[in-house]
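Next come two complexes built around subunit A: one with subunit B, the other with subunit C.
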Partner chain A sequence: MSSLKNKRQRAILITVLAVVLLAGVVLLGFILDEEKIATHLDNRNSPPSLEHLFGTDWLGRDMFTRTMMGLSLSMGVGLAGALGSTMIAAFLGMIAATMGRAADAIVSWLIDLFLSVPHLVTLILISFSLGGGAKGIIVGIALTHWPSLSRVIRAEMMQIRSAEYVQVSRRMGRPGWWIAAKHIFPHILPQLLVGFLLMFPHAILHEAAVTFLGMGLSPHQPAIGIILSESMKYLSSGLWWLAFFPGLSLLFAVRLFDVIGGNLRLFTDPSKTHEE
Partner chain B sequence: MEKSRKLAIFLLLKVLRMATLLAAICFISFLLVKNSPIDPVQAYIGADMVNVGPEQREQIAEYWGLDEPIMLQFSHWAGALLSGDMGTSMVYREPVADIISVRFRHSIALMLAAWILSGIIGFALGAVAAMKKGTLADRIIQWYCYTLASTPTFWMGLLVLMVFSVWLGWFPIGLGVPAGVLTEDITFSERIQHLILPAVTLSIVGVGNVALHTRQKLIDVLGSEYVLFARARGEQGFVLFWRHGLRNIMVPALMLQFASFSELFGGAVLAEQVFSYPGLGQATVEAGIKGDVPLLLGLVLFSAVFVFAGNLIGDILHRLIDPRLREERL
Partner chain C sequence: MQLEAHSLSFRYGKNPWLFKNVEFSVEPGEVVGLVGPSGFGKTTFCRILAGYEQPVEGSVTLGGNPLPVKGYHPVQLVFQHPERAVNPRWKMNKILNEAWKPDKELLDTLGIEQEWLARWPGELSGGELQRFCVARALGPETRFLIADEMTTMLDAVTQAQIWHAVLEIARQREMGIIVVSHEAKLVERLCDRVVELGRRL
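Moving on, here comes the complex of A and B:
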């Protein structure tokens, strides 16, 4: 590690590793064939082994395959939800910063509105309203995760609007859209990207939680929440691997996203380039 | 005199804002619930649906006013709500207000235990990490907190259940109210026994936020000039922390704990589901799955009031404790 004295270089290495690992999971979710999660009644409830890394369940399905498929499904749902939420955050943050005090007050009231009911309860309500399924979760996540990011965007916009080069550009007669596109957007893009990535872990955890409660993805899909809620029935008979490994994999995936997001924030901050 | 008037105005504004938010929550959640594809008549009758003809079905719908325009339905519901009637639960066939008050007594015990435990442990961890900044202890505590932030609460619950109930056999598996026993007959010690595991789960997961904030705050305080001066006078270790650190970091930690009621409620929903603890969270999930519209609406409103109460208490305490805040703006 002698060549990696600089903090940024270490961070790059870790980020690349994390991305490769996550990409591997998604790839595995696609490659692993359905045959492995077919019912094999001759090989039920076997503990983890080399052949079945995470063991098998009461139908003889390979838990490793189910977990990987579940993870890539969760990531898909999380991706859609986080994307939607980032767009809402960007939109409302810009409105709050540029459309005057009334708009600012309305957006801040909206933020209070969405923070005043616990996220999980909102998710249950929305999922109930849309009749469950992936759609309910994605809409729910998109509608609940934007407030903190929109506050960040608003603050950034306020700051950049009063910056000298933007003021000068305005005096020189540049139209508003030009300033927005050339000056403001490039400035908030990194914030949006980092905010999006840091939203991901929450989105995935909430998806798993709602699915676990039975309000999310359907029981026929190999979601982590489904796997864990099914495993509850078998805990007392000592089948610990049904819950342990899928949950641990979820924890790892979420943590990796957190690391990537955190490091990306480091990269977008030029003042930390040469930190030891 | 001046002080108490300011506080009164502050409280009035807060409550007014809350009133507008609650009204909006009522309206939006009512629309959302009405939008649901789950048929309330079917949800009410359940498995006996085969015995109910279309005419009877229409009669029930008419009796409930389901054929009226949605705005009229809303005004009926909101009117009843204002006079204190939250409706009757379809699953339990009891007034929603009664169910919530019974369930809340269970939940508050769990949430309070978890809240106090996670607050104290988190605060202690954060303080230790900051005092020992850069050491192995600091790194372990930080790693622990960051990892917990990524840990699904319900998975932690399953792990706790596996270790303490299945392997060690110290606690019964699930069921806050054992089968065949009336709710009133449960002894206090039994109740405590069923409370411990969910409370432990929530505390394990809940310490991260407080610990990390306290750590950062204390590091800031330790970097200040008055601490530098205290060090120059020879103070160090616990005495330094006791005299200069503690009071400065207690208020932010307390504020954070009061602001975390929302996550606490969400965590309780998951923990109650894992441990079959008969609290508000379990009722919320049940209402959602079985399509119990009045109960679901009541719980959404109640959770909003709960979160608001937490924020309000935090704000008032902050103003009472921190003299700087009283001097400044309203």
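Moving on, here comes the complex of A and C:
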């Protein structure tokens, strides 16, 4: 296996695999037949088999199909939430670094404020006050996950703004927008991308958590949180597969995003270009 | 086009004055040494001349006119640490051509090899990087070059090579050079005139 000799090539392979797996889940969520999660009372509570990989529930619905649909729904919600949060982080980070001391003080205060309260509490409050549902969750995630990334962006901006090569560029007559586009943005972009990807698993987990607590998505949607909270009732009667496989899939999906984010950090760092 | 500093004074915030009422001038084609103990404001003085800082009092003029705030600065500064003066995310080719396109002749004079152009800054040595910084600063609109400890961290051979090239180009273009260095021998060898920057100026 000569192509797997160095760390970088191995990381590329793993990243591609992770992306393919996640894309596969989303695809499955779309192409799997709705018929499979219809009620089949003749085939209730059957343990995992080749026909029903994750078994069936108390209404005879195929748990594999429910899990895949749930995961792809969670990823959709996570995507929207993380995207919103990344945009807030970028916006506030840039304002703090470029608009003077007062703006910096206000943004820093906001960051501290949001960091001092646990994510989940704010998320539940926001999502509850917006009446739950996908909208509540997405807005909730977007409004609660930005502070740490914002702090990173602010620090990066401040550092690069005073970097010698940026000052040299200015003395060589490059206009401000040019410096922003060619020097500063490419420096911030990897941080944003990695931050976005690493926010994703948080968003998915928190979505599942809030839904599990009954303040998120509606019970009619096949979300992972719903599946898990419904399954709790049946755990004691020995239907272990109802919670086991969906829970494991959720963990797996979250871990895959983490791997992609971590590897992306490796790829975007020029000093690691030739790392063996 | 004479570069002049009129009663230049500078201090950071409310700290004591770094220097006060400094008079200084360089003629085109002249090589002037600027010496003085550490911490007496040589670098700050250079940064003011090159437009990186604004003086607290006094002014800098080029041929009688104030220095331009926008556009290519006719006074270019080359720093002591080339690795900090280049964008680590850019290849050397892009770094070299940021402001203008140096021709092959200039690259040869400075000893820049073609194959270096395709590399990242992290893949070149300090001496190699500094050649790029010098080439980059020698744009057609550069009237004065300030070398702030430009070759201090380089070996003697590289030092000699870079200075030969720079002096040669300066003579061709009637460009003035200000040399800041702690190496008395280097300053003595290079400069027509030496100015000492001390507390009581």
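Points worth noting:
Note that in this section the second predicted complex is superposed on the first by the 269 of 276 C-alpha atoms of A that agree within 3 Å, B and C clash if a C-alpha of one lies under 4 Å from a C-alpha of the other, contacts with A are read in each partner's own complex, and residues count from 1 in each chain.
Keep in mind that, in the parts below, a contact is a pair of C-beta atoms (placed from the backbone, for glycine too) under 8 Å apart; a residue touches a chain by one contact, two chains touch by 3 or more.
What you see is a predicted model, and the numbers here were worked out from it, not measured in a lab.
Shared-chain residue A:P48: touches no atom of subunit B or subunit C. Judged by the touch definition given at the top, the superposed model places A:G133 against neither subunit B nor subunit C.
Of the two partner chains placed around the shared chain by superposition, subunit C is the only one that A:E164 touches, whereas subunit B remains out of contact. Contacts of A:G76 after superposition on the shared chain: neither subunit B nor subunit C is touched. After overlaying the two complexes on the shared chain, residue contacts for A:R174 are found with subunit C alone; subunit B is out of touch. Looking at the superposed arrangement, the partner reaching more residues of subunit A, out of subunit B and subunit C, is B. In the superposition on chain A, A:L120 contacts subunit B only, with no contact to subunit C. Residue overlap on subunit A between the subunit B contacts of one complex and the subunit C contacts of the other is empty. Residues 109, 112-113, 115-122, 124-131, 201, 205, 208-209, 212-215, 228, 231-232, 235-236, 238, 240, 243-244, 247, 250-251, 254-255, 258 of subunit A are the ones touching subunit B in the complex.
On subunit C, the positions that touch subunit A within their shared complex are 50-52, 70-73, 76-77, 79, 81, 84-89, 98-99, 120, 122, 136, 139.
Of all residues in subunit A, those touching subunit C in their complex are 163-165, 167-169, 171-174, 183, 186-187, 270-271, 273. Every residue of subunit B that touches subunit A in the complex is listed here, in rising order: 17-18, 20-21, 24-25, 29, 32-33, 35-38, 146-147, 149-155, 158-159, 161-162, 165-166, 173, 262-263, 265-266, 269-270, 273-274, 284-285, 288-289, 291, 296, 299-300, 303-304, 307-308.
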